[in-house]
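Input: structures, listed below.
Each of the two complexes below includes chain A, the first together with chain B, the second together with chain C.
Moving on to the complex of A and B:
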């Protein structure tokens, strides 16, 4: 029998060291995802309600059920996420610009404060916003007493609660990315522009924005992805119709026992989430090249 | 005059942002301490106190929820640390085929919805007897905890010059001795940060516990959800439980930040 060299031994030890991680991921993530994919086509029957043999029934129902409830939920989720992303990115960018241009005295306190929402867990943040938005909450009462408006701000069909809560939770991401990007810009650029007579708006438009556009896009993609796949925010602020996609999966699979639809929506959900992740990686790569 | 205008404007922006950041937190705290809060007096509770902290309903559930939440979080962070320490060493210090694929796969939990994993695991757990068990919940919490911990651990390994391992090996140390005597003492800040990430992740995990643990295994987040209308509406009780989660989470993450190196903040394997 051949004796193993030191290098071969090292390789085996390395493989042994990484084996628990690999087995865990394969068992807890890869196999369940493959089973979901196969179940959505009726090729695996882990639960009831899955057609026998290959079938596109789940996808047919997703795309062609009369009145298109699934497509409507998908569009609702996409739009609500998009609005929350734009709002969070806008707030984060404006605050980063404020810090860069105005250089306020309490800069360090300001930066620490901005990071606070990042530390608050999803469910707790959702609950905090719920205490503001439910009919007896501060924002609802202020609207009612001072403006005579009695509109539902949470569990509403427009997704106002989801948007407001998600924007609060995520604007810190945009702020952190944009703040570090703006701090890295050479100060000579602004000085040169100012010498040539540019005002603040022109400096933002012609220097800061073009040089930080990849940062804006990567922040937006990261925020979009995290809101799009979120469950707790929709669980607390969502409504029975239209449903956020994560809640639709929960309803169909867990509450109604319609596992085929649960799995089909999941596959579509994963594909879209992966596409956004891919886009995010591309933007990050472009940013590094620049 | 211009200077005064600048100070006023800057102060207004800071006040506005402080309100935006803190008002939701203050609203929750007020709910936790509001003993009497009638609708006609909506702007502030009529009576503040600790009534809800001593509430018999909470007293019955808190000890169990606390026990599950905190013991699960501790076990998750320990097991996650063991797995990520060994994997992190290989991923950070060795070049091998398939490393990039490992990189992508390690970040998978960031990119797909937890509910999807939950409904995928539900029938599997049911078949293998892990559904509504303590260890089943621990395993599923680790799915979300591992990527964060791995980032911190890899960052720590990357901050150590490879010459140190080479020197130890040249002097006859085995790989395990090198890991124990060289890497472990030098990577501990990253390991602590990683363990804290895993702990806070597990402490706040909601949907997977709801799907795979509830009603046998219930944690504080699941209890909060129950008081927000799942069973009945009690914002005060939910706010009290929320404080029990929020304070340790924010404190732990602030501690973790102290131990993080720029490499571990940067994360990523690639």
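Moving on to the complex of A and C:
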């Protein structure tokens, strides 16, 4: 009896201790998400322009507007984000591998430099890259004068500007995760492999990569989600068409006062984010089962 | 008959002597002398309003615009505080914030709102007015200096972007969209005379022109509105029509515009025919990537002053028939805590002193024509000879207003055009 009371007491104390987090989580995350979800169906009227009563008008417009602008924007956002994610993860991984394998003397300085993008505000980074990529920017001029390539590097229909800017802003995430993972690997593994005649490529392929694959997936998932919902990058580097989905939210809600579409697209965003996270967790879980 | 003619002649001669001696800034009482108007009919007194404004002691304004416009509005707030002792705060928080804040206060029945004076443009103004967020008082009749706002052509004093204001809106200055060309590359005679003439010109000089993405900056969609008016039936077809009511018939022949714009696209600046915003467009001009763009005079002035735009390259003109002119301005929030102070401020921005500052401070025209001409005499370098205004040999403000063509913007038409542009042009 005394033990049960003790356990109950502990439970109550635990709950009291996490109560601030619970209130924050529920009040600042769960409730707003529920409100957005309900608003997209016209069940809650946080703003004007929402149909009264249950309505699928927002979803109807998202999926069935003639010429499918929203679906096109969704596909564009997804593809550009995927390319940016692969590029950022690859760059981060390669740089972390370089440090692990080469172990340069200026390692600490290198790590600090690699972390720089994390401290640059997104909008500043976006404008910084715009000045590099616009027709009179350094990168454009180098491509034009040395390689004869006069292609638009920003505000372009392929999203090149978005990809380059996002890759720079996010490779730091991949680098930090991968660097930590690689540093945790015992050095004996590489030593043993080299003793057995493995070259660098084999060490990466058979030791480092399999042992850090989940770090790669974590980095990729984090980068994907952050670029997918990005606003400032798309705002500065985007073009008239195709547009990022976040730009359509801004256009519909702010410029056109069509709040219903703003809520609907937000729900689509949340669903995709959950799906990506779910996929990642499934891959992790399947690995554990094996 | 002789007596009547004699009376008219005497009045005329007397007027010649009297009129120049009338004070420039008049109080409302002088327009409506107490002897002819009973007090129950004319319940307010401007001098008393100023007194009440001083007792209110505070004023909170919200606005939007470029960095130079922000600096100007902040300066006006300081000048007003100094002149009247009314503590004035200016927030450059944007029209969206202004409208959302007041709408929210309306929903929550807030009696004394955060903002007193809101600087808005057409659609948000109408959105807020129909929501009941605007003080429904004829402020344009209450503020003495509002008499300077031209009554003709229509669309300036009693409409805003062709939404009827019912006198609740006061505009202190218009925004002027012009064709900006590189005068080191082109002589004026080599450029298109008309709005529609841009197509033929672009065909002869591919890659030299661009216009701002209509959804990202006003210079593009205001210019495009002019083309729409010119190509699809003329300004009078659209002027002051209730767009929602007549939408089907007004938009019936818009395919003419889309065909024209799609024909133009291959000849625009190849890498980015629709730069994302006014700033991005003028940056391409500064980089010599394009040499003919529609652009606001305010942006041209700002970029010259900041050193980004070489004034020796700047040539400016208004193509025929004209480019529509928006007149953004102020309205008073329905629950403004300091309504008297708001009215006194509006009188202040319409005063000759402030109106004469406008061309140099922000690169646009004052709504008061007399102020423009006085300033032109005293400071031609920032008015009639300024590189951001059309050449005085080609253009005169008073002639433009009096003889036209003078087009004001129709926000309803413009909004629909912007929406459709994405599908009809950008996505093709």
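Here is the rule we use: the second predicted complex is superposed on the first by the 236 of 290 C-alpha atoms of A that agree within 3 Å, B and C clash if a C-alpha of one lies under 4 Å from a C-alpha of the other, contacts with A are read in each partner's own complex, and residues count from 1 in each chain.
Criterion: a residue touches a chain if its C-beta (ideal position, glycine included) is under 8 Å from a C-beta of that chain, and two chains touch if they have at least 3 such contacts.
As the structure is a computational prediction, the values presented were derived from the model and not from experiment.
Student: For A:81, is the partner it touches chain B (first), chain C (second), both, or none of the two (neither)?
Tutor: Neither partner.
Student: Look at A:254 in the shared chain and tell me whether it touches chain B only, chain C only, both, or neither; answer first, second, both or neither.
Tutor: Both chain B and chain C are touched by A:254.
Student: Check the contacts made with chain A and report whether chain B or chain C touches more of its residues.
Tutor: So, of the two partners, B touches more residues of chain A.
Student: Given the touch rule stated above, what does A:89 touch, chain B (first), chain C (second), both, or neither?
Tutor: neither
Student: Is A:136 contacted by the first partner chain B, the second partner chain C, both or neither?
Tutor: Both: A:136 reaches chain B and chain C.
Student: Classify the contacts of A:218 with the two partner chains as first (chain B alone), second (chain C alone), both, or neither.
Tutor: neither
Student: Applying the document's definition of touch, where does A:239 land relative to chain B and chain C: first, second, both, or neither?
Tutor: In the superposed model, A:239 contacts chain C only, not chain B.
Student: Using the superposition on chain A described above, determine whether A:24 touches chain B (first), chain C (second), both, or neither.
Tutor: first
Student: A:156 contacts which: chain B (first), chain C (second), both, neither?
Tutor: second
Student: Touch test for A:181: chain B only (first), chain C only (second), both, or neither?
Tutor: In the superposition, A:181 touches no partner, neither chain B nor chain C.
Student: With the touch criterion stated at the top, can you tell me which chain A residues are shared between the chain B interface and the chain C interface?
Tutor: Residues 134, 136, 236, 254, which sit in both footprints.
Student: So in the complex, the part of chain C that touches chain A is made up of which residues?
Tutor: Listed in rising order, the residues are 96, 103, 127, 131, 213, 215-216, 271-272, 274-276, 280, 283-284, 287, 289, 415, 419, 422-423, 426-427.
Student: Contact residues on chain A for chain C in the complex?
Tutor: Going through chain A, the ones touching chain C are 48, 67, 69, 72, 134-136, 150-152, 155-156, 236, 238-242, 251, 254-257.
Student: Report the residues of chain B in contact with chain A in the complex, numbered from low to high.
Tutor: 6, 9-10, 13-14, 17-18, 20-21, 23-25, 27-28, 31, 39, 42-43, 82-84, 86-87, 89-91, 94, 96, 102, 105-106, 108-117, 119-124, 127, 139-140, 142-143, 146, 150, 175-176, 200, 203-204, 206-207, 211, 221, 224-225, 228, 235, 238-239, 242, 245-246, 249-250, 253-254
Student: What residues on chain A touch chain B, complex-wise?
Tutor: Touch list, chain A to chain B: 10, 13-14, 17-18, 20-22, 24-25, 28-33, 35-36, 46-47, 95, 98, 102, 104-106, 110, 113-114, 116-117, 119-125, 127-132, 134, 136-138, 141, 145, 168, 225, 229-232, 235-236, 245-246, 249-250, 253-254, 259, 262-263, 266, 269-270, 273-274, 276-277.
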